[in-house]
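What follows is a set of structures to go through.
Paired with chain B in one complex and with chain C in the other, chain A is shared by the two complexes that follow.
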Partner chain A sequence: MNMQSLILRTAAHFLLPLLMLFSVFLLLRGHNEPGGGFIGGLVAAAAILLHLFAMEIKSARSVLHVDPRTLMGVGLALASLSAVPAAFLGQAFFTAQWLTLDVPALGELKVGTVLLFDIGVYLVVIGAVLTIMLSLAEAED
Partner chain B sequence: MSTMVALPVLLPLIAGAVSLALWRSRFAQRSIGVVANLALMWVSVELLLLTWNEGIQVMHMGSWPAPFGIVLVSDMLGAIMVVLTAIIGLATAVYSLSGVSRRHEHYGYYPLMHLLLAGVNGAFLTGDIFNMYVWFEVMLVASFALLILGGERAQMEGAIKYVTLNLLSSALFLSGIGLLYGLTGTLNMADIAMKLNSVEDTGLITVIAMLFMVSFGIKASAFPFFFWLPASYHTPQVAVSALFAGLLTKVGVYALFRVFSLIFDHDVGYTHTLLLWMAALTMLTGVLGAAAQFEFRRILSFHIISQIGYMILGLALFTPLAIIGGVFYLMHHIIVKANLFLVSGVVYRLKGTHELKDLGGLYRSHPWLGVLFLIPALSLAGLPPLSGFFAKFILIRAGVEVEAWWVVAVALVVGLLTLYSMIKIWAEVFWKAQPEGVSHPVDPAAHQGGLWLMVLPIVGLGLMTLFIGLWGQPIYLLAERAAVEMLDSSRYIDAVLGSAQGVRP
Partner chain C sequence: MLFAVLSGFLIAAIAPWLHRLSGRHSGWLLALLPGALFVYFLGFIPEVSDGSAVRLVYPWVPGLDIQLSFLVDGLSLLFALLISGIGFFIVAYAGRYLEKHRDLGRFYVLILSFMASMLGLVLADNLIALFVFWELTSITSYLLIGYNHEDKSARQSALQGLFVTVGGGLALLTGFIMLAIVGGSYELSEILASDGLQEHAWYLPMLLLILAGAFTKSAQVPFHFWLPNAMAAPTPVSAYLHSATMVKAGVYLLARLNPGLGGTETWLLILSLFGGLTMLTGVFLSARSTGVKKVLAYSTVMALGTLVMLIGVGTETAIIAAVTFLLAHSLYKGALFLIAGILDHEAGCKDFLQTGGLRRALPVTTFFAAIAALSLGGVLPLFGFIAKELMLEAVLEAPRVAGILTAFAVLTAILGVLVAAIVGIKPWFGPRVETPKTPHEAPPAMLAGPAVLASLGLIFGLAPWLAEGGILAAAATVVYGAPLTPKLALWHGINAPLMISIAGLVLGLLLYTQWARFRAAFTWLDPLARQIGPERQYERIMAAMVASADWQTRVLQNGYLRYYLLVILITTLLMVGITAQIYDISIGELSFSGVQLQEWAILGIMLAAAFVAVTFRSRLGAVASLGAVGFAVALIYVLFSAADVGITQVLVETLTVLLLVLVLFRLPGFLNLSSRLVRIRDAIVALSVGGMMTLLMLSTTHTRLYDSISSYFVQESVPLGYGRNIVNVILVDFRALDTLGEIFVLALAAVGVYAMIKLRAEDSRK
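So, the complex of A and B:
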């Protein structure tokens, strides 16, 4: 998998943080505009894969810190749990719950279970794509 | 609205997620496997009681009102199926504690099992036809992975047939949904059922009904779409086989029951006659296929097919008694068939093979296992006083009432041939002497104890079979209520759409 290209390696080094930032931007933007957990997760997974192509598997795994399978599990758990708060308020599962926070200097911030769901999806997508790609890459070695 | 309706779906989903997140810890996965399935059992029984006492339960997910949002509906049929899922889930979870190897556990057996159960329950409870497709896919993706867990050559071969035919079925299902949506402009099943009454072009409805029939026929492994089942069910781990045998084809049968009672009941003379032929041929081909087999699990796989025929027969006759029979048969069959696969797993563990010709002498060494095998086996063949007798009895009585003599004849002959197959297994595996000079490497784990964990669920399911046989009245009442609700689709429609006005946007 190692392509040994100096240009690619240098570029990947800079692109990784940028793409990760972009994926988080897409994730947060997704609530009212095009974007969301799925597409954000794909971008993040693509960023890590770019790293994988430029460096090697070990390094790609170390960028992650956690195993992609764990990511998948945590993501799925978050997404499923986002259904639960509504039940405690006597509403149907998945009814969106909103919490309005007053953040100094930024104004009003609305945080809801929808965001929790999106973050869950984000993690599941990263986890799933990377599980597939890393096992393919390792099978090739 | 009740919270209970969503719990049978949400619980395994969360259990699967947590189990996946803790994939490093074997202990955590195993305990979650048992605890979550115990909880699922409790929740399912509560839901059944609630549905029994207070009528059809509906939940509008995300508080979006009915024709627009997705609803979860628990009517008697759905609630019964969910309880059966929980029973099989719990049985396999306990069985897996010693029946599934460490290697398979490491590759994610437990998370996949939970996801499979979530998918199955979702399909049973959803009131939205597209959502049903989604749950089918959740279930299929989990089943693909479970099927090839371990990655042996035979598994791959079986999985390719399984995957191909099931994807074809999903594609047909999706096309059917598309056409239905084009015709009615809605995906909510109750709404579709209501709007179809005012559609002029009944020819097109019949075409769509055929798409659904073929698609669910593949899933249920009915004639002539059953080839994938005997090609794949004998390949994976026994626990996985049992889970599949108990639940997966029955999801297809459930979908047929749901769709052909709620949505496509405009031209019963045509669609249900076709179903009747399908049922008869499914019974016959299944049982004849089984007669030619000499591998434990392959025989059982072919018998799944023939038994599916009986259930479809109940739907096809479409009289109240026949539907009661069909639902009763579903309940009996899920328990019995999963149990037989579990027994085959114990035999494999003791002898190291599934081939009948290499087996023998088990009655001499393990008489209790022989008894545990005979209970579900004779029940499958329909001997009184076991559960299968009453299931067959109701169906045949229903057939006699509408004077469908040839189907009655087929059902009786198939029952006899089933007995032949079961006795064949009994004679080969338990009765005849152990053949000389054949020895198969027995899994060393077999001597490490833990066999009781595999036998416990077999005993439990066997007791249920006896219970249904000896004290069938409550089960009959459950089936009766399910049949009443299915034949009077206005109840379902009212429950789903009627309450829509009262819900806040």
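So, the complex of A and C:
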């Protein structure tokens, strides 16, 4: 695959960090506004794919730092783990647990196992999409 | 109690570690568990011996009314004592017998889990719990039989045992559910106390299903073939399997259900005839075999047949005979199998023809082998004699088919003596035969089991009052359903059973002198058995199963995605269509008045794009127009303020197009387009499915059988889920388990794609 267009390369160079940031933003705000792990994961995967189309596979892999299959594994582990705390508190499996934190500048912040679960979803989506895409892209050579 | 039953599983989990830690003496160390359980169960005897029962209930799945309830009464206690007591010797024995086997640690895991499953089986009062333990014994015994998993025949035998017993287990589960519905409870103690089981219309089908389970497990004709093959297991396993566990499970179940289901004409005829036939078949095949373990295995078939027959006959004498015989058989069969292991381990003999005159080299073993064999043959003054006398007495007085059963029993008595002579005389006395190994006595860990078990057979024979009070009486009472007090004695005076015994002894010993001729006389049966025997039928059924799986794979899963799609769509169409017909679903009145202009426009775009997609002659064009349909759908989501779904749709469409572009790179263009006929067929299917979905949507929005759940989500999203984005709260909180399943599927699909591509790449490189 060779689409070495200067415009696309330059744009991709700037877009990648922005899109990644946006995906994390989508992930974190998902509980109250449109967004969430699934959407965030798709955006992140699309950002890396853009990079893949603009540059080449090696560079796309190096952007990731880790093998996408590892991301899937970590994501599944996190999501499964988020179900466990409830079991120790004698509640039904998967009951969400919440912690209210007082953050000085932002006021009250609610953090829960739900967020852990959503991060798991986020990682699995990135990992799965990229595993499929990268292995397809690599298959030709 | 819960702990006692489950301790086997707990210790099994750390057994390999304990084994590594304790080295050579791991057998004795781990044997402490069954030993301790034996002592624990002994403590129940005073409570149970007056016929009462101890019931312990632990909640398990309260929502489904399933409890982990245990019932300790005479019957279950007798079995629990046998399982833990013999288990003690088996584990100690195995520690030495398999000392040099590299998987000894794994063996301990399996044998202890097996013991725990068996304990659970006999103690469970809840039908579901009983069934779970029942299947656990099948699975653990599968692993035990296939313990030497590098041996092909061991794997095959293990699989055969598993298929036969689990196949019966399926029937059993159905029977249990029917029993629970008829009896109005899942607790055995309550079911058996209820009236009207036998008059119920379901009695016969229910009985047949339960019998299918019990007969396969307890190797009754025509399912007896798996048991001799199961001797592929290491000898201590065979000893355990045959003497106290696994195959006795079917007998236990029949004994347990006897007060509720027994006593009818059907019960009596099926059990006594099948049992009698199994008894005779077993002893006949046993007398014809020469392999040490094979002779013993077929004699177990004989014993199982005897027990089933006695439970079927169901008179007072028969039930007392059954429990007595159960105990006697467990003692001598355990001892004999362990001795067979010694023969193999210390002299290298696997076949009786290779053995002879070993009494000088193995004096201790010879002594206990002789005692156990005398008990097997039912000779005065062993416990086996008492059991056999009782059995003959019960058969002579049987309420139905006494003539046939007596004929069976007399023949069995004669051949039983022959088998006992083969086991008790052939290897030890007579001229010395060269053995593969220089024979020497086994270590104490291997002699302890045979010595204690065989001696108990002698002690109970000489002093039957030791056995008859307490546990045997209580067990017989439970099986019979009314108080029974057995009077066991060696001497009943000169009567018909004694005459039969003496005649059997004389004729059996005579036959033994002609053993070679006896075997030769029946060789003509072998080709017949190979062609039409039950094992051949089993192989036929298995072959037919594979063939049909092969056929349906070729037809339904032929590798062409378009056929998969077609099959799935047509099936859905038919099923939804039929359901819609049956329930007479209405779609309400259609009105287009509220539709806005922009909505019409989107609809137009979708239609046009879909039309282009099906008529375009290049892949890329088709993909792009499908993408257009997708984006139009996303637009509709946004118009109806489903922002999350809209965003997801857009992203998924983008990724799909990217994915297809990646794939399209290595696909040729449409080389051959479908023929006209195929296109018409596809068009019809596509339009029908589309139409069906539309109608389904319309009827869903029109009919509302229950209140919509969405209002609940809208209400509870903030108070319960602390989130204003309801879609997300549903995904990660209310329905988190669904999402977890979905991401697992997603990851699996990715791994599948990865494996497919990488494996193909590797293949092409070769």
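Keep in mind that, in the parts below, the second predicted complex is superposed on the first by the 141 of 141 C-alpha atoms of A that agree within 3 Å, B and C clash if a C-alpha of one lies under 4 Å from a C-alpha of the other, contacts with A are read in each partner's own complex, and residues count from 1 in each chain.
Assume contacts are C-beta pairs under 8 Å (C-beta built on N, C-alpha and C of every residue); 3 or more make two chains touch, one makes a residue touch a chain.
Remember, predicted model here, so these are calculated numbers, not experimental data.
*Asks:* Quick check for you: in the superposed arrangement, does A:96 touch first (chain B), second (chain C), both or neither?
*Replies:* both
*Asks:* Which partner chains sit in contact with A:77 here, chain B, chain C, both or neither? Use first/second/both/neither.
*Replies:* After superposition on chain A, A:77 lies in contact with chain B alone.
*Asks:* Could you look at A:62 and tell me whether it touches chain B, chain C, both or neither (first, second, both, neither)?
*Replies:* neither
*Asks:* Taking the superposition as given, does A:87 touch the first partner, chain B, the second, chain C, both, or neither?
*Replies:* First partner only, chain B.
*Asks:* Examine A:5 and indicate which partner it touches, taking first as chain B and second as chain C; both and neither are also allowed.
*Replies:* neither
*Asks:* Does the superposition put A:133 against chain B (first), chain C (second), both, or neither?
*Replies:* second
*Asks:* Could you figure out whether chain B or chain C reaches more residues of chain A?
*Replies:* C
*Asks:* Which positions of chain A sit in both the chain B and the chain C interface?
*Replies:* Dual-contact residues (chain A): 69, 72-73, 75-76, 79-80, 83, 93-94, 96.
*Asks:* In the complex, go through chain C and note every residue touching chain A.
*Replies:* Chain C reaches chain A through residues 643-644, 647-648, 651-652, 654-655, 658-659, 662-663, 665-666, 721-725, 727-729, 731-733, 736-737, 739-740, 743-744, 746-747, 749-751, 753-754, 757-758, 760-761.
*Asks:* What does chain A use to touch chain C in their complex?
*Replies:* Answer in residue numbers: 1, 30-39, 42-43, 45-46, 49, 53, 69, 72-73, 75-76, 79-80, 82-83, 93-94, 96, 98, 110, 112, 114, 117-118, 120-121, 124-125, 127-129, 131-133, 135-140.
*Asks:* Going by the contact rule set out above, which residues of chain B touch chain A in the complex?
*Replies:* Interface residues on the chain B side: 1, 3, 6, 10, 13-14, 16-24, 59-63, 108, 111.
*Asks:* Over in the complex, which chain A residues touch chain B? Could you list them?
*Replies:* 67, 69-70, 72-77, 79-81, 83-84, 86-87, 91-96
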